[in-house]
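Following are the structures in question.
The same subunit A turns up in both complexes below, where it pairs with subunit B and then with subunit C.
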Partner chain A sequence: MSAETDATAAGGLAGEMEVEAYRRLFPLAFLERHLRESVRPDARRLAEARPTTVALGAVSSAHGSALVRLGDTAMLASIKLEVMSPSAETPDQGSVAVEFHMPPICSPLVRPGRPAEAAPVISKALEDVLMSSGMLNLKELCLISGKASWVAYLDVYCLNADGSLFDAALISVVAAFTHLEIPLVSVGDDGRVFTVGGNEGKTKYELVNREKRKLTLGDIPFPLTCALHKDSILADPTAEEESIIETSVTVVLDSSGRLVSIQKPGGGVTSMATIKACIGLAKERGQKLKEILTDSVEAMEVDQAE
Partner chain B sequence: MEGGGGERAGGRKANQLRAYSCTRNPLERAHGSARWAQGDTVVLAAVYGPRPGTRKGENPEKAAVEVVWKPKTGQIGRQEKEYEMALKRTLQSICLLTVHPNTTTSVILQVMGDDGSLLPCAINACCAALVFAGIPMKHLAVAIGCGVLADGAVILDTSKAEEQQLKSFAHLVFPNSSKSVDVKESQQKDGQSERGLITSITHGVMSEDDYFNCIERGLAASARISDFMRTTLQKHTPDYL
Partner chain C sequence: MMELLDFMLSWCFSSTQPKGYMLCSTVFLRRICTLLSVSADDAIMLLLLGNTEVMQTGPTTAASGSAYAEFGKTKVIVSVFGPRESKKAMLYSDTGRLNCSVSYTTFATGIRGQGLENKEYSGMLHKALEGAVMLHTFPKTTVDVFALVLESGGSDLPIIISCASLALADAGIMMYDLVTSVSVSCLGKNVLIDPTSDEEAWQDGGLMVSYMPARKEITQLTLTGEWTDGKITNAVELCMDACSKLCEILRERLKDPASLASE
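What follows is the complex of A and B.
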């Protein structure tokens, strides 16, 4: 660590070195020289998030899916519905099974055959946020009370891990649920519930759920991760920034401005003012994400109309 | 701060903590160990190390901390993985990692009883065990579980039965309140570092005010816990120090 400070102090060494070599040898000094100019290594301002795109319906075999890009981070979420008998305690509710995958292609840090340490933690965080935010009304996933309900298998695949994985994962989950279209189901003579394929007009069966094809989403949660380095708050850090900076705060706010979660696992001691600043940034980010999501829904409708 | 609102089960007030106890080195062979109890939540923490070498992927210029969480029964699941991660990051932030570079310190945590506020209890236990093992640390970590009820009231050190009724909860970790021999310095420090936050894990929807209310009450309670920790550690300090 001391070598890095020396390098900045002297300045001479840096002058003679190639930028890329300097970046790898003295990552902290490299970052700090940028921060002194209030800019980040990828030319972003400190509080600026990376460009975000949402593409709905990326997987045609799933009932709902979305591909989200957050800079270079790419996250694919897909939902598959299956009919199951609901549990005895909640006969009028469906259920959601959340799984977050980090295959070896997503990052050089993930080795084949050995599951990534971060994956179960992000799975858990996603499930917590999804269930506690009140975005989903599980009663809507019920078909016949006590007899049949949907179980939504939600799988999130990290295709490219370049920082802020939880943010990208949550945005993709929300987008996949907005895209989700519930298939038509019918009850056979033997009392079994089965899904009816595409052409709804011609079927001879009586349909159970002709009206309810889309879920009504409640308050939608929007995340923002901030990396904290000394007095600077870096919104939406990249993998490079995350590897240098130890302290990070993830704020999830719902669309009515309430806190769904604040996760700060360890790192430096942070003042309340900084936490408040992060919440402020998350509010702004939430507004932007809401617009991006609405735009993507409109874009998809235009596509379908054509 | 005392007595905000109605009585809780067991006759506790909203800000009242359960009976805390800490036993030094209950395990013979560990380098340091602690049994920490908050009411019926009891955990046993053992520290082994620092031993040479770090695992692949860790920074060899620093000391690594490894946390193994052993649940009371059954297999380790997602919840335990999350606890492990929170615990590891918290311990990394309070230890002086540059003193023993390229070493690994293992912290093994055995849950013996879970009656709510399990993670805060575990963090307190690990912190005490690290002290008993003589691992160099910046400061202590003091953890507290805060629960928000449906009417917005905040209760501290929640029990399992209370956790069922909560709207949301926050597990907060603060640095211990500094107490310096030099009166001037301690006042100065109080102003600067007292109101910091090391770890925050929340669950459930709450308003921003609820959250900062939790922090304020948690901070007040953390002073009491850190006093308890201080007296316990001082009592156990061997004579030669």
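What follows is the complex of A and C.
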């Protein structure tokens, strides 16, 4: 009896080992066999994105922060505000400095002292989307026209890289801006602007920004990356899928359904119909992300009320 | 008196409390101890109990092993990669190499930083761990230990060291024993265990001990500032005792990481 169970256990283990070996040795064949059955190696449907969670206020030392998990990909965005004098061309506007970091903890491919190649690319893409989407009104970051304005240092850290980094990064950026609370400031006798903390300070000093502690966000951009393989469109690819499939399309739509950006960084050629299908998927995904974001804001408010 | 203390403690650590209470518990406990004028040693043990917030394995799936630690405000992630091919064209070596790197996020401290590698802590982490890792079990290859401090709230280095040894164990790297590390600050007559950044800023002297409890061996000891003879001996013993207790917690986590994730 026991010998029999042992035998089946060993057989099962051998079977598992073979699949794992097949996966490592013939990654493309392994993926294609899944796609033929319209399923992904992680048991998702082709057009299905991974489960996404948003936690607001993950970093207490920042003015706004959010931790986003997209499957196993984890992204931590944080915003710190500093007072600066605005540039001469735009005296009534603040500014945003975007930086995307891939520390060596996030992936075996990144080593200290040798920054990841993907990091500056994603950094630039984030900045472009953020500035062109019209989500932020930079005038709201102005304190005293021509004298003082906020510069928002936006730092996004990838804590675990498992594909679709840009998507996770943009969601975390949007979430961090919804969480952002602008600190109270006052002007001293010497003309310097300083932040005021605590209830005592609120009555003691004349405040510049009593209202407008939250930014009014315009149309929020929501991203979806699709990997393209032959006729299949794989939404929200994992790192494993990204390494096998060369072509991908990243679509960013805003909350009104307007197109903010499409990126197809090289790889194989693709048809217009495929790109249209990707836009369709991005539209559905945008709706879901909007719900997730609203839920996270509510969850945080409940937390605070308690 | 002790009944009141017991009640307060159970309130602080009951699992039904939301995390916010857990986070404020250190400050809170310290206040109780002053109120009840508990002797320094007792108070210190209590504080340690109160400060062990969250330690868990496996936040970074891309790594061979990883661990996350949250002690009060201090939040640290450590990933371990390897044993893998050595980075540079290094000479042949019969023993493996241990490569450590500690960096801070730009928002870890109150003033926005550069997010560069902290070379001093990288070296200290390496020295604290090299005595514990069985380097001969992975000849010609390197094990990389990378730490990222998400938020700095005091006692950063000892937390990084403890977290790194948990991550090494999670990665299945052979070690003689888990290394745990605890620091104390000397403030006037008081010895405070696991100090916060403010306490560290005002301390007269600091002591950090990295310890292998099962082997009863110290891998690293740093002493800074002003100390008196008797106090040093007491403080070292205190740290060693705290390290042993911390090690038990680490062992529990390694045995059953799933239970913590579901909490």
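Here is the rule we go by: the second predicted complex is superposed on the first by the 285 of 306 C-alpha atoms of A that agree within 3 Å, B and C clash if a C-alpha of one lies under 4 Å from a C-alpha of the other, contacts with A are read in each partner's own complex, and residues count from 1 in each chain.
In this section, a contact is a pair of C-beta atoms (placed from the backbone, for glycine too) under 8 Å apart; a residue touches a chain by one contact, two chains touch by 3 or more.
Bear in mind that the values here come from a model prediction, so they are computed numbers and not experimental data.
With the two structures aligned on subunit A, subunit B fits next to subunit C without clashing.
In the superposed pair of complexes, A:Ala43 makes contact with neither subunit B nor subunit C. Of the two partner chains placed by the overlay, neither subunit B nor subunit C lies in contact with A:Ala305. Of the two partner chains placed by the overlay, only subunit B lies in contact with A:Lys124; subunit C stays clear of it.
Applying the stated contact rule after C-alpha superposition, one finds that A:Ile279 touches subunit B and leaves subunit C untouched. Contacts of A:Gly134 after superposition on the shared chain: subunit B is touched, whereas subunit C is not.
In the superposed model, A:Pro104 lies in contact with subunit C only, and not with subunit B. In the superposition on chain A, A:Tyr157 contacts subunit C only, with no contact to subunit B. By the touch criterion defined above, A:Ala88 lies against neither subunit B nor subunit C after alignment on the C-alpha atoms of chain A.
The gap separating subunit B from subunit C at its narrowest, counted between C-alpha atoms of the superposed chains, is 11 angstrom. Put simply, subunit A uses no single residue to touch subunit B in one complex and subunit C in the other. Residues 18, 59-63, 66, 73, 77-79, 81, 84, 87, 101, 103, 105-110, 112, 115, 117, 144, 146-148, 150-152 of subunit C are the ones that touch subunit A when the two sit in their complex.
Looking at the complex, you find that subunit B touches subunit A at residues 57, 61, 78-79, 81-82, 85-86, 88-93, 98, 168, 170, 175, 193, 195-208, 210-212, 215.
Within the complex formed with subunit B, the subunit A residues making contact are 1, 109, 117, 120-121, 123-125, 127-128, 132-134, 219, 246, 249, 254, 257-272, 275, 279. Partner subunit C is touched in their complex by these residues of subunit A: 59-62, 65, 72, 74, 76, 78, 80, 82, 99, 101, 103-108, 111-113, 153, 155, 157, 159-162, 239, 303, 306.
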